[in-house]
Structures are given as structure tokens and as C-alpha cells.
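Chain nomenclature is as follows: A, B, C and D, assigned in order of appearance, with residue numbering initiated at 1 for each chain independently.
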Amino acid sequence: MNLKTLWHRLGSPRWLYQMSGPWIAVLGWLAALLLVTGCIWGLAFAPADYQQGNSFRIIYIHVPTAIVSQSVYMMLGAAGLVLLVWRMKVADMVLATAVPFGMSMTALALFTGAVWGKPTWGTWWVWDARTTSMLVLLFLYFGLYALRQAIPRAETAGRACAVLALLGTINIPIIKYSVDWWLTLHQPATFKITEAPSMPPEMYLPLLVNVLGMYCLFGAVVLAGLRLEILRRERDTQWVRQLVEARA
Amino acid sequence: MFTGQLQREFKLLLRSREELANPLIFLFLALTLFALGGGGSPELLSAFAPAIIWVLVLLANLLALEGMFRRDFDDGSLEMLVLLAEPLFLPLLAKIFMHWLYSGLAMTLLAPLAALILFLPAEVVPTLLLTLLVGTPALSLIGAIGAALTVSLRKGGVLLALLVLPLYVPVLIFGAGAVSEQMAGISNMAQIYWLLVISMIALTVAPFLVAAALRISLEQ
Amino acid sequence: MPILLTIKNLTCIREGRTLFRNLNLALNSGDCVQLTGPNGSGKSTLLRCVAGLFADYSGNLEAAPFLYLGHKPGVSALLTPLAHLRWFASMTGSTGDPLQALARVGLAGYEEIVCQQMSAGQQRRVALARLLISDGQDEQDAGEKRSRPLWLLDEPFTALDDKGQELIRQLLTEHLQSGGGALCATHQDLGLAGSRALALGGTT
Amino acid sequence: MNFDSFSELLAMGGHGLYVWLSYGLSLLVIVWNVWRLRSERRRFFREARARLKRIDSAADSR
């Protein structure tokens, strides 16, 4: 199938619904497999850090969630652009369903960061560049979520969120830079946590597995949300009716 | 078209003079509260003065934002503007400019007074004014997008704050940071250039996003 | 005769309700189409689709430059009628005389009074004055000079007294005679010679 | 395995509370995300069935 027909088919809800079913199962099970492997590996088999001891094992959940939450926001910006320029409904559905996921992952990354910080550096919270930009990212997610909740009409809400996501995506690099600069003003660079090269493979391989697992989970969740949105918006079409009756 | 809209906004502003002063009164009221809460200690207040002034400018700006499109939306003028104006960004720029005049510029002009209340050293005041002058346009421009997105909502106020304040973070950091650096005796031109850059990016992007957001808000 | 509005296979579904399906309409200059139908049958939505305020439809729409008069009069409460019309003129580039237009809609003497202090009907009249100045006042060769030949009127009779309603009929008649066209949603009888009715929401 | 016994794995060298708290909450969040979608899907089918019934009975009674 060439790219153009794929593009057209992405506009067909029914095709998307049927195609996404098996993909959700594959991605979901893959995510479960990878995450379970990565976590057990990281928790039980990876060697302890010679400075931080065992508390560093939080990295295996903290870094993947942080990475995924940032990629999700970037993807929201891209989806917003697609929706505003080409008015593709799929983009709207992705925008609707990925926000709660991204929001929960950002909150999780902040929480695990705090829990990691307490035993390692003796404080729950540091105003360092990474945590601060994650916090702002969480607020950006809150904004997207609240805006969608506030606008009653789904189509209007989707396009309003697209504008906001686009604006946020433009802003994220500026926020990152400003926060980086601000950090150097207030305190000298204290610690660089996630420098990969200094890690031996038996330490970073589980991390890699978990990052992959998180992306698979993200894919599965977005596709499942997409299916749900398709059903809601196509509820009066013949094929959805048949689906509903078949499940009765 | 720009001047036509500007004249209209100016007339509207003259007719609602009493509302005009509200953000400014808020600014000074909050400043007083800060001074009272801080025990009036000059060292404490002057150390926090750049942050307090900038945060209050953000909030006062936000307060003025809500009315930017609200009244026009309620009486249907906004609908007409969107239908008639071609290109739409010209009258929108006029509206944003007007908002900046009575929030950003007015606050810049009153900032020396705020600096006085908070015991900000006199030699830092020019820097404060410069950062406000260069940074506040970005606030009005970015804020206009949020105002346009929430204009059709009855209870848009808190939502507007939630949408817009995270986007104000860089302006706050560079603005307050430049003043703090000046107090510490460090060169701060980089931050002021950054404020300028943010305002310029906002100036090029915001009018189109505001136009898009208004069209979306009117679709109901 | 120039065509002012073509609607081809217009379908609009809102909140899961089909407002209209495969709607077709051609409106030539000199035509007036009255939209009728029960509440919620999509009259306003159709007008908003044509005006470009509502884009969630499928089908083809081609409209000449138009003037839209919606539910809300679009008159700022804090402005005077004169200031409002001047602003309107600066947005559209229309050259009609605002004073003359205000006199025509029965608001002579109210030019400098803030709209806030006027009644709802008078505010509607200010909105009607917009229709006049966009046309220009030169009656003799107005046909060629109409910059916005298509009028989209949503419930224009709202809040108007008998005289005001008569005024709308007059304005419409003149507009149609000079080559304009109108799409008008109302429950009242327009009483115009060249008017057709388009009933919406007939199918259940 | 990096630990000598299961109890040492649980203790995490004295940081057990922090490590297991993070992992536990992460599990909770992931499960919540999956559960949310599943329950909303079930709710959609339940409501769609009820709606279809209402539409059909309205059509019958006419």
C-alpha cells in the first residue's frame, strides 16, 4: 500500500477501527512483556549504583515516564498542526485521547523523581532545570485537559486544544532554555543524573527495555482511545449499530 | 483597518474608564499586601522585589485579558469583525496593542512607584523599566490567544489563568532574572535580548493563532 | 443574471442529529429565499455555514461577498450608532453616508447617544443601517456598485415594531430590485413578490 | 540476581520504601490508564444499546 492510499484510509473511521484492533493487542502484550522484563531486570538483577546504592533503581521507571511524557506532548503539537491544516479527524481523536495518558505520565515522572530525591540527596524537591520544566509541562497538560472539559462541543474543543497544543509546543524549547539559564543563575550545576555513557550495559539495558515498553504502552493506549472515540463519533452509522447489536 | 479598529477600541476604553484602572489598582493593592505580609523589612522586600513586581504584572495583565474579547463576543461585534475584516490580523493587532497600552505600558510607567514601595535600589529601576517595556508585549500577545480560546465560555476566568500562566514562565524568568542580576552586579543584556526575541516570536505567531482561535470559538 | 449563492449537496450533522442532507440551492441576483422550519431545524446553522462561521459540514458552498446579520445585533453597547457605523465602514471600505443611513432607519437625532441607552428595537435598527451603508446611497446605478450583494439575515424581525418590520420589507425590495439577493430565516411572512420558501426539517 | 535473599530485595539496602513506593504507584497509574479505557468502552456499548432500544421503540410506536 502506498503512502497516498494510507493517507486516505486514515480518514476512514471504519477502516481505522478494524485495523487498530489487532495492533492494540500486539502493542499491549509487547508493552506488558517489555515492562515486566525491564522492571524485574532493573529491580533484581542490575548492579547497585556505587554512590546511590539501591535507590537508583527508581531510574528504570522515572526516566521512561519522563521521556514518554515529553514525546507525547510533542506528538500533541504535531497532531494539532495536522488537525488545523488538513482537518483530519484522526488527529482530533489522538489529541483527545493522549492528553490524560501524557498527564498521568508527567505526574508519575515528577512523583518518582521526588521519591528518588529524598534518599539520594535528602530532599523531596529541587528547583533544578529538569524538574522545573517537567512541572511546567504538567501545567501545560492540565491546561489542555481543562480546556477540553470546558468546551461542550467536541469538534470545537478539539480544534481549540489543537491551537493550545501548537502554542505549547512552540513554547517548550523556550521554557527549557529559560529554565536552564535560570538554574545557572541560582545554583551551580549540582548533578547530572542520566548521563548514559558512564553507565555499564547491565545497568542501562533494562532502562532501554523499559523505555521501549513505555512507547508500546503509549501506542496501545492511544489506539484504544482512538477506537473509543471512533465509536462515539460514528454511533449512528450502520456499521457501529451492527457492532453494538452483535455485542448484545 | 488597523486605525479604524484602534479608534473604536479607544472610544470603548474612554467609555469604561472606571474599569481601566482596576488592574493598576490591583497591582498596588497586592504590592501593599506583600509589604505588610513581609513585615516591611527593606532587605527582605528588596531581595524579592524583582520577582514580586514581575509576578504581579503577570497577574494584573491576566486580569485585564478577560475583557479583551468578552464584550465584543457578547454583543456580536466579534462575529462581525471575523466576517468583515480581511485580513483579520490587522484589527486583532490593534486590539492587542490597546490591551498592551493600558496594561503593559501603564504598568511600566508605574513601576518606579512599585520599586519605591519595595525598596528596590534606584540604580536598578531603569533595568526594571526596560525589561517591562520589552517583555510585556509578549504577555499581551500570548495572552490574547488564551483569551480568544476561552471567550465563548461563561466561566473562562480561572481556565484562562491555567492556560496562559505556564506560557508566561520564560518571560517571568528572564524579566525578573535580568533585574536580579543587575542587583548582583552581573551583566544582563542576554536576558533582555531574550525578552526581545520572545516578544518578536509572539508578534509574528500570535496574530494568526488568535485569528484561528477566534474562528474556532465562534463555531457553535 | 449573476449567481450569488450555490449550495450543492450540503449535509450537516450536529450532535448526532441530521439537520439537512444533500441540500441544493441556487440563488440568483434579484432572488430572495426565505428559510422556514420549526425551532432547531437548522435555519441559523445553514446561515452560519454560508457565512463561514460554521465549517462542520460536507458539500459545496459558493457565496458572493455577503453581509451577515445574526441573532446578536453586533452593536457595541458602549459606542454611539455613528461610531459603530464608522468602524463598520473602516472594516468594509464602504462609502455610504452613516448619517443618511441612520435617518433612513428612523434614528435621526440618536446619532450621538450611546447604544446602551437605546431599546433592543433601536439597536436592531442600528444593525439595519449597516445594510444601507454597505450598499452606497446612489440609487441610480446601485446595481453595479453593490460590494456585498448577498444578505444573510437571521430572524431580522426580532424586537422590531410594525414600522420597523415594514422598513425591512422596503429595504429588501430595494435591494432585490437593484440586483442583490437575500437568504432570510424568519417565521413571518416576508410579503415580497420574488421570494421563495425553503422549508427545513420537514423530514423526520 | 544481585541480592542474596528475597528479604534483601524487599529491603533495597534500606531504601525499600522509596523504591517500592515508586514502582507501586507506577503500576497503579498504568493500570488506571488501561482500566479507564476499558470501562469507558464498556460504558459506550451499554449506553449505545439502550439508545438503540429507545430509538427502535420510538420508531415502532409511530
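We adopt the following convention: a residue touches a chain if its C-beta (ideal position, glycine included) is under 8 Å from a C-beta of that chain, and two chains touch if they have at least 3 such contacts.
Worth saying up front: this structure is predicted, and the values here are computed from it rather than measured.
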Winner on C-beta contact pairs when B-C is weighed against A-D: A-D
Reference subunit D; chain at largest CA-centroid distance: C
Chain centre separation (subunit B, subunit D; CA means) in Å: 43
Computed distance of Cα centres, subunit D from subunit C, in Å: 54
Rounded Å distance, subunit B centre to subunit C centre (Cα mean): 38
Where subunit A and subunit D are represented by their mean Cα positions, the distance between them in whole Å: 17
In subunit C, residues with contacts to at least two other chains: 56
Touching two or more other chains - residue numbers and ranges from subunit A: 153, 155, 235
Interface hub residues of subunit B, defined as touching at least two other chains: 219-220
Subunit B residues within the subunit C interface of the complex: 1, 3-5, 7-8, 11-12, 15-16, 71-72, 74-77, 79-85, 91, 218-220
Touching residues on subunit C, where the partner in the complex is subunit B: 51-56, 68, 70-79, 83, 86-92, 114
Subunit D residues touching subunit A - in the complex, by the definition given at the top: 1-3, 9, 12-16, 18-19, 21-23, 25-26, 29-30, 32-34, 36-37, 40-41, 44-45, 48-49, 51-52
Residues of subunit A touching subunit B in the complex: 84, 136, 139-140, 142-143, 146-147, 150-151, 153, 155-156, 159-160, 163-164, 166-168, 170-171, 174-175, 177-179, 181-182, 185
In the complex, subunit A residues that touch subunit D: 28, 35, 39, 43-48, 53-55, 57-58, 61-62, 65, 100-101, 104-105, 107-108, 111-112, 115-116, 118-119, 217, 221, 224-225, 227-228, 231-232, 235, 240-241, 244-245, 247-248
